[in-house]
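Below is one structure, written out as structure tokens, with a few remarks after it.
By written order: A, B, C and D. Residues from 1 in each chain.
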Amino acid sequence: MPQSDASQPLLRARGVRKIFPGTIALDGVDFSLQAGEVHALLGENGAGKSTLIKCLTGAYRRDDGDILLEGASIDPKGTLDAQAYGIGTVYQEVNLLPNLSVAENLSLGHQPTRFGMISGRRMNADAREVLAQYGLDIDVTRNLDSYSVAVQQVIAIARAVTLSGKVLILDEPTASLDSHEVKMLFDVVRSLKQRGLGIVFISHFLDQIFEISDRLTVLRNGQLVGTEVTAEIDRVKLINMMLGRELEQEVRSHGKHHAAAGEPRLSFTGFGRKGSIEPFDLSIHAGEVVGVAGLLGSGRTETAEVLFGVAQHDSGEARQDGTVLSLTNSRQAISAGFGFCPEDRKTDGVIADLTVRENIALALQAGIGWMRRIPDREQKAMANDYIRKLDIRTPDAEKPVGLLSGGNQQKVMLARWLVTNPSFLILDEPTRGIDVGAHAEIIRLIEELCAQGMSLLVISSELDELVAYSHRVIVVRDRQHVAELAGYEITTDNMVRAIAAPEREAVH
Amino acid sequence: MTGLKLFSRRILPQLVTLAVVVGLISIMFPGFFEISIANGRLYGSPIDILNRGAPVALLAIGMTLVIATGGIDLSVGAVMAICGAMAAWGITEGYGLGLTLLMALAAGLACGLWNGLLVAVLGIQPIVATLILMVAGRGIAQLITEGAILTFNHEGLIFFGSGSLFTIPTPIIIAIVTGALVTLIVRRSALGMLIEAIGINLRASTLAGVNTRVLLIAVYMASGLCAALAGVIAAADIRGADANNAGLWLELDAILAVVIGGTSLLGGRFSLIASLIGALIIQAVNTGILLSGFPPEFNLIIKAGIILIILVLQSPTIRTMVIFLSPAPVSQADTEKQAVNQ
Amino acid sequence: AQTVGFSQIGSESGWRAAETTLTLQQAKERGIDLKFADAQQKQENQIKALRSFIAQGVDAILIAPVVATGWDSVLEEAKEAEIPVILLDRMVDSSDDLYLTAVGSDLVHEGSVAGQWLVDELGGKDCNVVELQGTTGSSPAIDRKNGFEQAIEGHANIKLIRSQTGDFTRTKGKEVMESFLKAEDGGKNICALYAHNDDMAVGAIQAIKEAGLKPGEDILVVSIDAVPDIFQAMAAGEANATVELTPNMAGPAFDALAAYMKDGTMPPKFIQTESKLYTQADDPQAVYEQKKDLGY
Amino acid sequence: MNARLLPLLATLVIFLVAYAICYAQYPAMLSTRVIGNLLTDNAFLGIVAVGMTFVIISGGIDLSVGSVIAFSGVFIAVMLRDTGLHPVVVFALLLTLTTLFGAAMGGVIHFLEMPPFIVTLAGMFLARGMAYVLSIDSVPITHEFYEVLQRSYWLMPGKGRLTLIGGMMLIVFIAGIMLAHRTRFGTNVYAVGGGVQTARLMGVPVGRTTVGIYALSGFLAGLAGIVFSIYTSAGYSLATVGVELDAIAAVVIGGTLLTGGSGFVAGTLIGVLIMGLIQTYIIFDGTLSSWWTKILIGMLLFAFIVLQKGLVWTTGKRRMAGG
């Protein structure tokens, strides 16, 4: 009989192994979670964090090893089983159903019923109440897909929390949240901790790890590196554990102080689209990085989509080197030398069943046209080049990209556009879900690209990061471009001040 | 791994299935493999399978491309009827062979264009978009033949149905040449990859700059063209255009061929060769049933049974089990599949 | 003018197209306003059509029922609405007070005419017969098979060795015949072919020729319907006999209807059309010329 | 108003407008007779379309239903002819059989991970093959209980009849609507249609749901078979060929997406009525040749779908679709 003394771990994994063709994703990993603790799980992209979670909850069948809940061996066959054991999980990438309403997503599987019939009114009321705890006041009867990734992420978290009686597992829950939402989430996590739940928390944001976790476990290449008490470890040592080497230089905010001069390469005047983004003016020089900051749903993604012609603009005009540019669909944008790395890589980005090589070659090939196929050898060379440059963790270029870890998929997306050698590249949350090592890598890359004369528009929720590489920063609020910071004005504080609208302060 | 090895692994299940089906028939009917030459033309049951299978094989070529984009084309049977009727009408009206063929093929292309426009421009779901032509198409064909079987005696046109080149029946040649040509075009150019990309993730492909609209229209037109070829063959074979029955329910056979060929109905990776083998398997089953001498009431049951067995043997679950049980090294485990998109 | 509803099965064969053409022609000659409804081979569509005719209040209804069963309740509705119904070319198994009359041929009889011809032609010689059936389950297929079997019963010299469905179509007729030929020693085993309609026979004749045999000599060909194309084959010596099913069912039907409307004359319950046997002796080329423009 | 209801509303509007047009041309179209016919004649189609709606919402397809209806008719007729069983007992037997048949297909689809299109295609061949084996002749049903069933109708003013089977269809629709929107099973069906993998990760019992969906479709196909046998008082192995396509068309016209995940049972009812209306209109017209009938049905189908798309497109807020 499991006795619940303090030394008895709540959830324990012993010698978990998981082998994928060509990859040993987990190699005898031990992991233990105490009741009432927040336990961080860390590691590079592809280290095996998500795989461990999926093995714990039965979403993958593990090849070896035991799982014990309160000392008793359990063998969940799937999420449903795991839920029955009181384990609630938010998997990496939002895993909710876009075609169901928000309330249905929240209550799926445990809807309130009367006489066997679902009570819609109660379901909606419950949903509103739950979301209110996260500061979300939205129409819960609308379909999930009418909300942004961030809102969806909050809903996914809310759902997992309501389902977790004993254990809550969060796989990169904060990747698409801004600091405001993160704070809210942490409040919830703390109160759950208080109630004695064990919480597994995966994130690439070290600050968040240090803020919320009690202990942490590091994985590398599917192997356990070690478990430490968070308070007893410092940043450098942690990065060392994750990478197995020193990180030459972590991103530090230093700011670009020389503004680009001369005629802008691209200028958009009065550009906008009714119902999604108010008309705005924007100009970008060669070799310039323009950052975009803003809260969730403020209209950053809309800005990018209107620029790239994904959503047609209905006012304003665009000029490239002085000549008017027609931007009514993405193909026109591409032929004008644009590139766009979308935020929602699952639905807008990767072609899951195609190989890494094909995914990287896709945009270039589409630009050349179907008739002149890029020879296999060239494609391979291209792919291998970027696999090396961006350190994409894959056994080879012929692996279907859907089988890569989240962060590595993101890198493939980046590579797809880099091979087209665009003159203007739009990156929507390029570092989302990317580990510290690669994070530094990508920021170095952005700097390198702009040094080569590429113009970049980078949307990011990480203000530090924006400070690091932007020449100018545009702040978006309520679907409007409200401020532009340049040179020495670009500081986190200034941005926060511009983002926080007066009305918004009143609400919260 | 080399491309050739990968390729043979890809079509191995289909080849084995074909071999088993043919093996079963030859046990039941020992004279099966006897091939002779009659009237300057190869003659024998295996030739029948190839010859009778040619229309479905042609349909399967176009259908493979359509299905790879995540679509489906229910209209091919009706398009066969339209183009057959067109050919018969043209030849009886005295337009000459060349012009007649041109008109028939153009009709097929036009049908494909219509389907493509509905799917790619109006955004109507493929199964419904092509259902419209499936219903109306037979009417159009009858409009051309005025409901009767339009019989013709033009030797040039008949050649496409029952003629032969170097003793090989023309339909077989047409199917093989079309198959080879399309494979070449699709795999030597980037078309294949782009079609697959569309089938896997239309939105992402559009965002990557793929001209999804034009490509979608093109695959439906290709399907229309293949159906036109099949329609001309079918009409030439019986020296008449039977608007009501030409190609009736063949769309189901074509889809079945594609699925037996291992292409997912959800779109994505495709193999034309495997689809062609799939078409042969279906025709082998049909011919086998005819040779067996069972009363016709049992035709459907036998066919259903065989299809089920084939599909069960090819199903991912069973394959995983086989791989699991066999001592050979794990190659393409299917845990992979389920994890895509997570 | 009178309004008459006509529920036709469909247009699955040349014969039926001809029947439709002739019915329209006959109606026009008599100044009848014919409402035509095509049921696309589906009984449910025919029932719908009948109900709509009743709702519309037509004066009479012609129907070529796709199947014999299942007409009771809709015929009763017509009767309640006092609309006379005449059946064309196929029968129903409802009680005969539900319809005015039926015009058609006896399908079993057709089969036996074909069988009898074969019996006479062979005169006691041994003969293996292959049969191309119509669509499995359709009443012509069942009845024509039965009729033929009745006729050859007791003639030990005639053996039915293979029987498959050719779905009443040329394509399938040809395909099935091809496999018959392969299965029976390249056709050397077969002495006669009986096809449930001419279309299948025409397809099969091609298969026989392609196998290097002479249809009409090496293999006797007898079929049913008497559509123009079979007369061409007969003229070329490739087919031997066919049994006529006249497409003009509407003529007698309209006559009976007119008499009934005029003074309530009740026609007989079954007006049988002739099942005439045509052989090569009947100058097939002439018959062809005469039939070819009837809309077959 | 909820944006999700938009396609449903669009369909309803189109139906009403179409009916008004028909009425303007043929006033008799608005008689209770025609309305009664519309319900009675399409009863079996409506019932089977309810099952199809669930299948399609789940992202699947069921091609076997037409054959299952035919099989049901033959099964009932043969059982009544050859055994002394009461029709109610035969009904129970039949429904068990078809439900199990559906469940079996669902099982194959789920456990062997095979595409529904193909599994149910094999099911279609099998069911019709079984019907042939039972009897290739059409078999009349003469049981007096059938007479009772056929004669139970409510005579509406104007001589139209609301028959038992027409009423049955309406009841099935109401039950279907409740099942889809007010039960966990219903939500699970939508969930599976939204994405099998995701649904599984969210804890939806995908296997049980899939089997349940096809079992339901099988059950309703059996019920439609009973209704069809009452309608025609016979069993015939060649009956209802292609009804699966009619059912799919009705479901889609009713606003359900074939890609799964969204749609309405109530929309299907309107879809069925629209299909019935098209046919009634063509019969009332009565001048079309066989081929023009087909062409017109195709064109009307096209018109309805385009109209519906247009309505939804102009009224609803468009979400960006790319390209």
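The rule is short, and it goes like this: contacts are C-beta pairs under 8 Å (C-beta built on N, C-alpha and C of every residue); 3 or more make two chains touch, one makes a residue touch a chain.
Bear in mind the structure is a predicted one, so any value in this text is a computation, not a measurement.
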**Complete:** By C-beta contact count, B-D versus A-D, the higher one is B-D
**Item:** Euclidean distance of C-alpha centroids - subunit A vs subunit C, Å
**Value:** 71
**Prompt:** In whole angstrom, what separates the CA-based centres of subunit A and subunit B?
**Reply:** 43
**Message:** Based only on mean CA positions, could you tell me how far subunit B sits from subunit D in angstrom?
**Reply:** 29
**Asked** Going by the touch rule set out above, which residues of subunit C reach two or more other chains?
**Response** 10-11, 17, 20, 136
**Prompt:** subunit B: which residues touch two or more other chains?
**Reply:** 142, 147, 203, 206-207, 297, 299, 341-342
**Asked** Using the touch rule from the top of the page, what residues of subunit D touch 2 or more other chains?
**Response** 132, 136, 201, 289-291, 293-294, 322-323
**Prompt:** Okay, what are all the chain pairs that touch?
**Reply:** A-B, A-D, B-C, B-D, C-D
**Message:** Looking at the complex, which residues from subunit A come into contact with subunit D?
**Reply:** 59, 78-80, 82-83, 89, 91, 95-101, 104-105, 108-109, 111, 113, 116-118, 120, 141-143, 145-146, 159, 163, 275, 305, 310-311, 329-331
**Complete:** In their shared complex, subunit C is touched by residues of subunit B numbered 29, 31, 38-39, 41, 43-45, 48, 52, 142, 146-149, 151, 162, 234, 237-240, 242, 244-246, 248, 287, 290-291, 293, 295-297, 299
**Complete:** Counting only contacts in the complex, subunit D reaches subunit C at residues 26, 28, 31, 33-34, 37, 40-41, 44-45, 132, 136-140, 150, 228, 231-242, 276, 279-280, 282-284, 286-291, 293-294
**Asked** Which bits of subunit B are touching subunit D when the two form their complex?
**Response** 118, 122-125, 127-128, 131-143, 147, 202-203, 206-207, 212-213, 243, 252, 255-256, 259, 264-266, 297-305, 307-308, 311-312, 315-318, 338, 341-342
**Fill in**
Per the touch rule above, subunit C residues touching subunit B in the complex are 10-14, 17-18, 20-21, 133, 136, 162-165, 167-171, 174-176, 178-180, 182-183, 185, 199, 202-203, 206, 210-212, 229, 295-296
